[in-house]
Amino acid sequence: MIKVGIVGGTGYTGVELLRILSQHPHARITAITSRKEAGLPVADMFPSLRGRVDLAFTTPDEAKLHECDVVFFATPHGVAMAQARELLAAGVKIIDLAADFRLKDTAEFEKWYGMPHACPDILAEAVYGLPELNREAIRKARVIGNPGCYPTSVQLGFAPLLRTPGLVDAGHLIANCASGVSGAGRKAEVHTLLAEASDNFKAYGVKGHRHGPEINQQLRAIAGGDGSVHCVFVPHLIPAIRGIHSTLYARLTPQGQQTDLQKLYEDAYRGEPFVDVMPAGSAPETRSVRASNVVRIAVHRPAADLAMVLVVEDNLTKGASGQAVQCMNLMFGLEETAGLNFVPVLP
Amino acid sequence: MIKVGIVGGTGYTGVELLRILSQHPHARITAITSRKEAGLPVADMFPSLRGRVDLAFTTPDEAKLHECDVVFFATPHGVAMAQARELLAAGVKIIDLAADFRLKDTAEFEKWYGMPHACPDILAEAVYGLPELNREAIRKARVIGNPGCYPTSVQLGFAPLLRTPGLVDAGHLIANCASGVSGAGRKAEVHTLLAEASDNFKAYGVKGHRHGPEINQQLRAIAGGDGSVHCVFVPHLIPAIRGIHSTLYARLTPQGQQTDLQKLYEDAYRGEPFVDVMPAGSAPETRSVRASNVVRIAVHRPAADLAMVLVVEDNLTKGASGQAVQCMNLMFGLEETAGLNFVPVLP
Amino acid sequence: MIKVGIVGGTGYTGVELLRILSQHPHARITAITSRKEAGLPVADMFPSLRGRVDLAFTTPDEAKLHECDVVFFATPHGVAMAQARELLAAGVKIIDLAADFRLKDTAEFEKWYGMPHACPDILAEAVYGLPELNREAIRKARVIGNPGCYPTSVQLGFAPLLRTPGLVDAGHLIANCASGVSGAGRKAEVHTLLAEASDNFKAYGVKGHRHGPEINQQLRAIAGGDGSVHCVFVPHLIPAIRGIHSTLYARLTPQGQQTDLQKLYEDAYRGEPFVDVMPAGSAPETRSVRASNVVRIAVHRPAADLAMVLVVEDNLTKGASGQAVQCMNLMFGLEETAGLNFVPVLP
Amino acid sequence: MIKVGIVGGTGYTGVELLRILSQHPHARITAITSRKEAGLPVADMFPSLRGRVDLAFTTPDEAKLHECDVVFFATPHGVAMAQARELLAAGVKIIDLAADFRLKDTAEFEKWYGMPHACPDILAEAVYGLPELNREAIRKARVIGNPGCYPTSVQLGFAPLLRTPGLVDAGHLIANCASGVSGAGRKAEVHTLLAEASDNFKAYGVKGHRHGPEINQQLRAIAGGDGSVHCVFVPHLIPAIRGIHSTLYARLTPQGQQTDLQKLYEDAYRGEPFVDVMPAGSAPETRSVRASNVVRIAVHRPAADLAMVLVVEDNLTKGASGQAVQCMNLMFGLEETAGLNFVPVLP
């Protein structure tokens, strides 16, 4: 059994990690930390875990994280990078669900997250944890920067169009995305109260969102390092708990217009356990992946020279904690789908 | 035009007062205070009021509340009683939407609200602002304790059964109630986040809720001062923005079993502009009163010796701000329905 | 008082017409027809109207629609065009909330609505009822084709960019829109059940939606008849009752990039009673216009050569019944805002 | 592997059976019937099952149900009883999720379900499938009447109070219950549309609900056949997809008032894998059991002589398909929790 520590288990990615790992056949959670809630049984905060998770939150000091095989950081930005060096030195692998190891450019990191990066050398070593695009590197990684929820869907949606050069006008991509409210985390804030966010819809982050630079960094990498790739990213808030829906637009070049897009996508994701390319003409629903690690994709051509890609994922599972466990499975030589094969909950 | 001041306009009862009063034919809002938001245009916080309310929040000092004809307190408990004496001295009438002037027993007030009462003499003078039960006293009042949202529905639902002595076992009443989340106010709290409260249902306040003593004080008064009246009050949280639904149970005495309950209720509320006794067999829906000042009531007899009363109201309108304006209308000799005649919004 | 008839009052645009018209100072509803529900009091179907609308549904034969001043059709497509000639002959004005008088090209109408047009001559005469773009023609009209809910928001959003030639690449517009479920009407269908549509998000109509040709017909007209204008329209379903949110994208030409877009929009809608151009940087919310006739617009420039316009409206009010009453006001020489000045309901 | 057939797989109990059984370690689904959808791949109707259930719907004739070990009926009332005799003769066990084998009194069945019972002898043999109260009989059963969703929660909630005679006034029980909309099934009906049922709350079935006689039959059996037991059952509709919340009231006798209710409940359910008696003072939430087979119960005493029991379950899992699989496990000698141990999905 893999000994797992979780730093910061009081948020939504934390409780989703607990849901998944408490059912995982090859993992055992040995510690969950929360300075604020130290001493509180985890199941008192999350009654859904009564009888399933018997641990209490502990302080980081008591948690003996250096004895773990792997530590997940389900914390705000800045926590993982402060503890990474010591854990690595103790031979512990790290999977950070926050942004500390996503942006390779430390200046970009500082700009968007408001703090200098604490360990650029570890950042340089860290692997971006999107298995469908980065599987071999993840297997060998000691440190994973687990992708953001939006970037996961945008990358998986655009990747087939960008990998072959010359199919689309890659400098003018649009990612019109929408997320359930759990994406904002389990923080007490007025704008995500039910009485504010229910029966409502709006764009947000219209002056710039942190996932924008992450998306662009990664799309450029997918396009073979083409620095001219540019994607406008516009997030919206769905009055729902879970789910991300991305509607992606790319102008097709003449070459792109002659490409069989359906085949392109089916070929790209053939054999992937968690990516489902739907039949032509489909409109995937977020609920079709609820509480599962599956991404569903449909590709359309609403005008002769326009590709439209629809992508759905569960923001807390494939968009966060499920993907993190998928990385763990790869890092420890397990079956990639171990503990992740639950069927979506519908209705 | 009546000059109106609002103290504490940043919560849901505040914005509902603004919605109603900005359309009122005989009222003009002259000041809205918020220490925290002083200087901010009201419409910047509530874009629904853009073009309709041109005021900015001011500090209490700048608000010149003593020049108003009436001041509404849409504040936390304790604010109105601190300012009441000075305003009354200046000839200003007061309508408090919080609890400062509801509980007549200062020991009860202190027990449930955690502070001593600042002005027991004004409390003694204050009138409980439920027009259907207290209309004449309201007309003459200088100070109104505007009823709580739950108590309004429970009182209007039980009143016909309690006014005639001997119809029910008044010592064993049950009020099984449910409220939309806006009843918890516009405070940043985890348990009312959309991701927590949506797709969910629970009881709350199971160890005792502040509206319990208010309900019992008033039901005893309705029953002519019968101290043996007792109602168990159990609130639940509906995953909805607005609306209160009360399911009331009273055991019928033999005399009660011989009473035509439908007629009893129709007689009790004949001519009331805001109380709609529905036909026998009805099940009122909260949405049928959404954003309106109407209460709908249906009375049933699910067993030979049991009366069940179903009551719906909008917690922010008839359960708070609409009722407060109804009181204002009475206090200033206006048509009772002035500015309150909007049709419910359905769907 | 204007005598108003409503054909087909059992759907959501019907009950919204009733909500508005029952509060209108200059209109009196004289008949509401429904073959299926003839004899049923309207308030039995919609308890929100108890005490406010005392009519019962009648058969079309009994309704004496020819004695009305104006008849609203809140019916499925095809009904209005079957009755239009006779009503016009009797001097009755017509406002159709369905699609019979929207598409000027009868072949397009037949293609999208599956029936030949019954009266091309009346269609030729009919005026597209979007007051902000067509006010003078509406004043003189006998027949109004009331715009679709999506087209209203898309047109008002793109109009300032299209009226001045050469600002945008008008052949490659994108309208990424989302609507509350009431837009699908009050028909019993599985896909709009709460258990299907709640906690969910999806695109729909991905193979083509009826509002697409209407949008393109109108955008071409706005652009002065430029046949090269083309907009890809992608609707999505919000798990909410009301509200449309449109996120519009247009590539800016060099000329467009030198234009002050905020000023362009403010100038375009200065003085419009129902269009609110929000300050730069805003993200309008659908709830900020809930149950009101207001449209709010914000214009952004997320990349140097891209304009993004955010538009919100209530699909049942400004997107349907409110707009229809706005047209009625114009047609009868009333104040344009008569009966439409209600403040949005928030929260 | 147990060969499983499902009759009527197009509703919510059907898709929930598919979710559970497709992950069950000892069951294999061999046929799913639907006359209407014969030929359609199951995953085309429920995309959540893409890649997990490869069957298509078949006609009952093609399904070879007589070769199954067990057949689940996820059908409307009346279907199971029409096919039971033939399947039993072929040695197939039957679990009916509808009401054909719940009410032991055929006159009651006919009264509430509008059809005569087709096989009273099989009804007499059938076992009521509530394992916590009926485990041994289920192990030996050939035919299971799987309990209704409401009755499951009401029985588990009241059972400890009724098993010991003399604790409560058993002739005046009240079950004030609320259910998510999926309880109404996947039928196209106006009243369960999102635009009708969302942001709303109401009682329903106020003139009598089919689950009332089932509840009373069972509570009498639990009370040792005491015919004076009577429970008033009042269901309400929660604007949520899943979840049942029951608030149960029973007047305590003097003997009952001297009983330690918390201990009574803990003793009653000690060792039960799917019943969680929460600590004193708890208020269970429906989301704490979402998509799981767990029931959580809290017992309170809001007045000296009143017991209040709060019960939550997932209406589609423990209230239907999960419970059915729990019965199957017992009938086939499997671990009772096999395939049912999934952790609730929260948030």
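As written, the chains take the letters A, B, C and D, and residue 1 is the first residue of each chain.
One rule holds in what follows: a residue touches a chain if its C-beta (ideal position, glycine included) is under 8 Å from a C-beta of that chain, and two chains touch if they have at least 3 such contacts.
Please read these numbers as outputs of a predicted model, since none were measured by experiment.
Engineer: Fewest touch steps from subunit B to subunit D?
Structural biologist: The fewest steps needed to get from subunit B to subunit D is 1.
Engineer: Going by the average position of its CA atoms, which chain sits the greatest distance from subunit A?
Structural biologist: Checked the centroid distances; the maximum from subunit A is B.
Engineer: Which chain pair shares more contacting C-beta pairs: B-C, or A-C?
Structural biologist: A-C
Engineer: Which whole number of Å gives the spacing of the CA centres of subunit A and subunit B?
Structural biologist: 45
Engineer: What's the distance between the Cα centroids of subunit B and subunit C, rounded to whole Å?
Structural biologist: Chain centres of subunit B and subunit C, defined by C-alpha means, are spaced 37 Å apart.
Engineer: How many Å are there between the centre of subunit A and the centre of subunit C, using C-alpha atoms for each centre?
Structural biologist: 39
Engineer: Note the residues in subunit A that touch 2 or more other chains, in rising order.
Structural biologist: In subunit A, the residues touching two or more other chains are 12, 180, 182, 186, 195-196, 198-199, 239-242, 282, 284-285, 287, 290, 347.
Engineer: Note which residues of subunit B are touching subunit A in the complex, please.
Structural biologist: Result: residues 12, 180-182, 184, 186-190, 192-199, 239-241 of subunit B touch subunit A.
Engineer: Which residues, counting only subunit A, touch subunit D once they are in their complex?
Structural biologist: Listed in rising order, the residues are 12, 15, 19, 22-23, 46-52, 182, 186, 198-199, 241-242, 276, 278, 282, 284-285, 287-292, 294, 296, 316, 341-347.
Engineer: Considering only the defined contacts, which subunit D positions touch subunit B in the complex?
Structural biologist: 172, 174, 176, 178, 180, 195-196, 198-204, 206-207, 230, 232, 234, 236, 238-243, 245, 247, 249, 251, 281-287, 290, 298, 300, 302-303, 305-306, 308, 310, 312, 347
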